[in-house]
Amino acid sequence: MSMLADLLATVFERRYRGAEAADRHNRSIEDMCHDLLGGSGEVSGMALARLILDSYAAKQDAEKVAFFSFLTNRMGVDPEAVRHTLEAYETAPDRATYRDFLAASEPPRQEVARRLNQVPGATAQLVAMRADLLRLSRDTPALAVLDLDFKHLFASWFNRGFLVLRPINWSSPADILEKIIAYEAVHAIDSWEDLRRRLAPQDRRCFGFFHPAMPDEPLIFVEVALSRGIPGTIHDVLSEDRAVIGAHQADTAVFYSISNCQEGLAGISFGNSLIKQVVADLSQELPGLKTFVTLSPIPALIRWLAENGALLPKEPEARRALTAVFLLEAKRPDGTPYDPVARFHLGNGASIHAIHADADLSSNGQTQSGGVMVNYLYDLARISQNHERFVGSGRIAASPEVKALAAAGKRTD
Amino acid sequence: MSMLADLLATVFERRYRGAEAADRHNRSIEDMCHDLLGGSGEVSGMALARLILDSYAAKQDAEKVAFFSFLTNRMGVDPEAVRHTLEAYETAPDRATYRDFLAASEPPRQEVARRLNQVPGATAQLVAMRADLLRLSRDTPALAVLDLDFKHLFASWFNRGFLVLRPINWSSPADILEKIIAYEAVHAIDSWEDLRRRLAPQDRRCFGFFHPAMPDEPLIFVEVALSRGIPGTIHDVLSEDRAVIGAHQADTAVFYSISNCQEGLAGISFGNSLIKQVVADLSQELPGLKTFVTLSPIPALIRWLAENGALLPKEPEARRALTAVFLLEAKRPDGTPYDPVARFHLGNGASIHAIHADADLSSNGQTQSGGVMVNYLYDLARISQNHERFVGSGRIAASPEVKALAAAGKRTD
Amino acid sequence: MSMLADLLATVFERRYRGAEAADRHNRSIEDMCHDLLGGSGEVSGMALARLILDSYAAKQDAEKVAFFSFLTNRMGVDPEAVRHTLEAYETAPDRATYRDFLAASEPPRQEVARRLNQVPGATAQLVAMRADLLRLSRDTPALAVLDLDFKHLFASWFNRGFLVLRPINWSSPADILEKIIAYEAVHAIDSWEDLRRRLAPQDRRCFGFFHPAMPDEPLIFVEVALSRGIPGTIHDVLSEDRAVIGAHQADTAVFYSISNCQEGLAGISFGNSLIKQVVADLSQELPGLKTFVTLSPIPALIRWLAENGALLPKEPEARRALTAVFLLEAKRPDGTPYDPVARFHLGNGASIHAIHADADLSSNGQTQSGGVMVNYLYDLARISQNHERFVGSGRIAASPEVKALAAAGKRTD
Amino acid sequence: MSMLADLLATVFERRYRGAEAADRHNRSIEDMCHDLLGGSGEVSGMALARLILDSYAAKQDAEKVAFFSFLTNRMGVDPEAVRHTLEAYETAPDRATYRDFLAASEPPRQEVARRLNQVPGATAQLVAMRADLLRLSRDTPALAVLDLDFKHLFASWFNRGFLVLRPINWSSPADILEKIIAYEAVHAIDSWEDLRRRLAPQDRRCFGFFHPAMPDEPLIFVEVALSRGIPGTIHDVLSEDRAVIGAHQADTAVFYSISNCQEGLAGISFGNSLIKQVVADLSQELPGLKTFVTLSPIPALIRWLAENGALLPKEPEARRALTAVFLLEAKRPDGTPYDPVARFHLGNGASIHAIHADADLSSNGQTQSGGVMVNYLYDLARISQNHERFVGSGRIAASPEVKALAAAGKRTD
């Protein structure tokens, strides 16, 4: 494909590229965006789109902010046109008036993005553009509006129906594996040797979602350990010395790390589908698997304690009890769990299964949660009911043991 | 994938499918669409989406019309909400007000379609749904509004950047080839033997665009003959007795048939990109190719003559001349060429290269154009200029020979 | 690969091809074979090999016979050299003397074949060469010697470890499917429509062995029907009107047709491995399958009766009984079953399970066996035991019902 | 495949594996080899073959020597039978007598190897077995005879016509890439980062030959640098700081490392074909490439000087001259070049193009050749002629510059 793409560039873009060489000072990226929307550029659209993407890629941050401001301010909806076409549609609702209303109520910058996306490889570039936007809009809040247009488009393009689940293993291409090393966000991968230990043994699995237009870029991936019983520490899972077991001997699948890979896809949720599909996939392949569980960090525990002027107790049992209280009762103003990982898994229909002290001895684990970790359980028979109770009434599913721990914790308080 | 999909169905949908069995009379497809949009259905969304698609697939035409009417009337925009959120956004343009406006100005039925699309295989079902809609809205014009929402979504989903060009040849899967037989719209393919003659020889090529979510369904395909010189009759191209030449001996590529395959994608244009990419592809593979040309029907010639009370002359030369006049001068009210095939190729930047009498002896060819055919030339050096002149000022590019023919034709008039 | 192969031809063979054009009358295929073995041709070996294969392909039958005679008479072992090197090896058995003995005791024509096989595509050409040899040696028995060298090489090249089992279905490439139509040897496939009925429904399967060097050529394939219960007529299996069932509803897999594809691989046995691997494959995919059985013709029944001056009885029960006697008791001079299909399946460890009258109404079925067919049962628990008793003592495994039939048949006799 | 293979093991081997568990002390690997050849084991052959391979894999070196001795002494040819069948064949040369002679003159251990090869994965195990044999026969020269049988079989199985050329790049599977790191024999690869520098840039290529039955194991690979002009030091090629160029800008392809991967395939030559096919492949892809050249070590230079009581001169020009003399004139007793790399490339038809002092500063390069390296030129127009003169009369092709250097070197002597 890429040779063809090159050739297309050569053949069709000569004219515009030539133009660019000549008129570099005359034609701004903003002018080119206007052209891209103009009818007369239709045949040359792909060449123009590539020029715009190239031009963007060469910009410094300040210029990018200027470009985003242009899209925000000059490529937004025209309120008058919206009102006008809406009235016409109300008066005489037919195909013509509705078309006019749809055209007026969608900002032209969405069509700009769709036309840029014609070029091979553009999808990844547009995702990177949104990553820039998210970063730069921290200092320029007026750009936040523009982000909603990207998010709207990406939610459509990265619809679950277009994603492909692929196993990632030691036979996967190196250029994908180096991204796994780079993107692992929970338990850092130190080296190719470390990666090999997570992918090659027969009791280790990894799966990722990919989009066909970005075949070399995982969107999200989950690392899975197959084990006998539920592990209580991350050391049990990652230790170099652990005994490898046969995949068919395992009764439990442990999701011990889930990482989103694309900052430009923030807010487009895949994790829910990923876990469910992996559960289905593994159940099919390994009928001996009876338990699907996470071994998860509790990233907000220490922060919450600090906000409440408390400290994590020294005694392991007390630490577990306090964590149980935290997970079951600490809430954000909107009533959802304070801890983001809890929010994610409980929102997916999982339940809090067990809490382990001294489960993560890494400095990161110590800083975030004093080494405490938690298993969330994915019990297929209860997942829908848990989810609906959680969404409907904020009820959090937990094992009797965890509930008892929390009760003990509150007595101590 | 399909085994997995089956399993997912088993595992996650049991509840809803069970529900369906029990409540079949209670829950309508309309109620399920409301649920699908409701927050509480998030985890069960995929199961619900499948139920809706299954329910749709089982409906008769009258029920489909009722469902489309529901989407048209009950899942459209709320003008009050649009006005209200627009005002709030104008007063205080920020992320929150813009989000509300975007939400209000997009009809909920678009989100319904996106959520249905989560299910494996749904994309093809939604395309089929639009084909139903186009058919049924002929008698129910009020549904035409709904079609614009489908079209808007499909233009985004079937963006050029997501399509894949694939060669179609005698090593292609039989289930794709049987669709080529079914979809060929210009010169019918009689049998597998006939198909073999169009795909297997080394001087024949075929290319199609595919979408990754519909991998077994060509969207559009073009059949190409490699030849020495430009053929003047379709018989030269399709005859069983013709002499096959080596691909490297050819100097000309003839696009002799382009067929759109999916009625549900009407109005989403791919042909322009397809021809250009195939030209690029073939140039790369076979540097000996110097000329890229069509051998095209003229479907509106006889109809136009009839509307003007004229007949096609008996004498071949006079027939060619009159056709030249027709192609260069007959226009629709909007100023574009009267003939749809001319409109397509001239709009792509091609020029009228040559006109042939007695070029198509089939009954279809006789009925449409008295057997006259035309070569449109794709000259890469002129394609952008031709296109812009055509779009800008309606100027039609033609060879001196064709212009001379037209001049002669007008003198005769 | 084939473009590369072309290029290699261009680049490296120019010299020899040029030579050929010039010296066509001077250099015989025999001389080129001598050159091919000579050390000095090593670098040009591939070019020379291609020339020899091209030259062979252009020959008439009489010339082929001459070439085979050359290989037989001039490229055989030299008895003196064998004796001489053998003595030297006996006197001083070391690497050098053994190498000399190995070199002397293998006829040079085997090395010729190995060197010809360097060329891309040569394997298929050599297989075709042996097919010619088998055909032509019917009239020239002296060539039968040469066939043993081909057979020896092919047994090594087409070793089970090098074969690949591939499913053949309606998504398989058309160029492979047209070979299935051509090679089906048991129940002829009339048309692509007929083929579709055998491959597309979910209760139909087909599997073939392929060799990596001949990826478009099936070596042997088996057609399988999934059913509830064991069918008693081929009409039940092939009827256009039959009800298709879900693959997971089936309890029985019926091997109703096994066809060898390559005459040039006669005597290289794959069928035994094919059936066993397909049984393993299907068991894995569809755990509901409990019975693996054939529905087989009895090609030698009528011939055997004729040789014994008997006729097949009119009464179905009597026909079944006589067939039981035939299958259990009719033997060749070497003590193995008279019927070749019985020989094959019983030799694989199957047992005679049931006999059906009026099971094949085709003219072929009537001619061979008066319409009688037989199920051979592949019971994995008994396959090794059956096989060893059959090989060791000629004992034929059969169901009690079949034994009772035979007993009744003999009483009638 | 491997799940199927597992299942086959389960299904068909239960009996033999059971037997093994029971009779472990009773049945030796030698007995099982006899059984494998016996007719009665045909159906159970695959299970038996796997048992033998497993049993072999578990053996210590001393036991392996015993097994190899068994094959050498008890599975060799029977001279009496050879003489007897040869006489019968001479007396009455027909199919039957020839079959007997072929059977008698091939040692049964070759058939043992072919039958072991039925098992999935066996080919790689047999290659490893020969690597063991080569290692162990250093101390047990009597085993050298057995090696010739392996070599004979492997020359047939790994025939050029069965090998597949595959590009190896940064998108290749990690499990293949880790073998490239392990097998690189010329310029060691330090790390994955180092490997990335050799594979990922667009001016770097790597190609390997693979056998379909060992798809994860490269047999031989060559690393190629694309450059402008011919590099004179390995530092130019491998430096981390070098400027990467576009592939289409290169005019020269430099083969700077060729590594054989499989000790068990020693003596089976692939290098000649590999270089020629890569030249053809690159010429096709990059028509701008005009020069194909190696940058090669001279591993025997210092050793040869030492044997002749000489030292490499300090002065670079003198060092180059002496190297030219060495490459053109130093010979082994059989008249071929003393240096093995020279022998390989000159035997392939290359010529000595240029000699560089201070070209390899690594300790290995200093030890072998005092840092001198050489370019061998692959000029397609001369390759056959060079080869034939080299083989026929020992003439070594060299550039005028190299010849002049040698002349100067001899004057100095």
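Observations on the structure shown:
Order as written gives the chain letters A, B, C and D; numbering starts at 1 within each chain.
Convention: contacts are C-beta pairs under 8 Å (C-beta built on N, C-alpha and C of every residue); 3 or more make two chains touch, one makes a residue touch a chain.
What you see is a predicted model; the values in this text were computed from it and never measured.
The minimal number of chain-to-chain contact steps leading from subunit A to subunit C is 2. The pairing of subunit B with subunit C is characterised as same-residue: of all residue numbers used at this interface, over half are used by both copies.
With centres defined as mean CA coordinates, subunit C is found 47 Å away from subunit B. The centroid of the Cα atoms in subunit C and the matching centroid in subunit D are 34 Å apart.
Not a single residue position of subunit A touches two or more of the other chains.
Residues 3-4, 7-8, 11-12, 15, 39-40, 42-44, 46, 77, 79, 82-83, 86, 89-90, 93-95, 98-99, 101-102, 105-106, 114, 117-120, 122-123, 141, 144-145, 147-149, 152-153, 155-157, 159-162, 164-165, 212-213, 272-273, 276-277, 279-281, 283-284, 347-349, 380, 383-384, 387-388, 391-392 of subunit D are the ones that touch subunit C when the two sit in their complex. Contacts from subunit C toward subunit B in the complex involve residues 170-175, 177-178, 192, 196, 200, 216.
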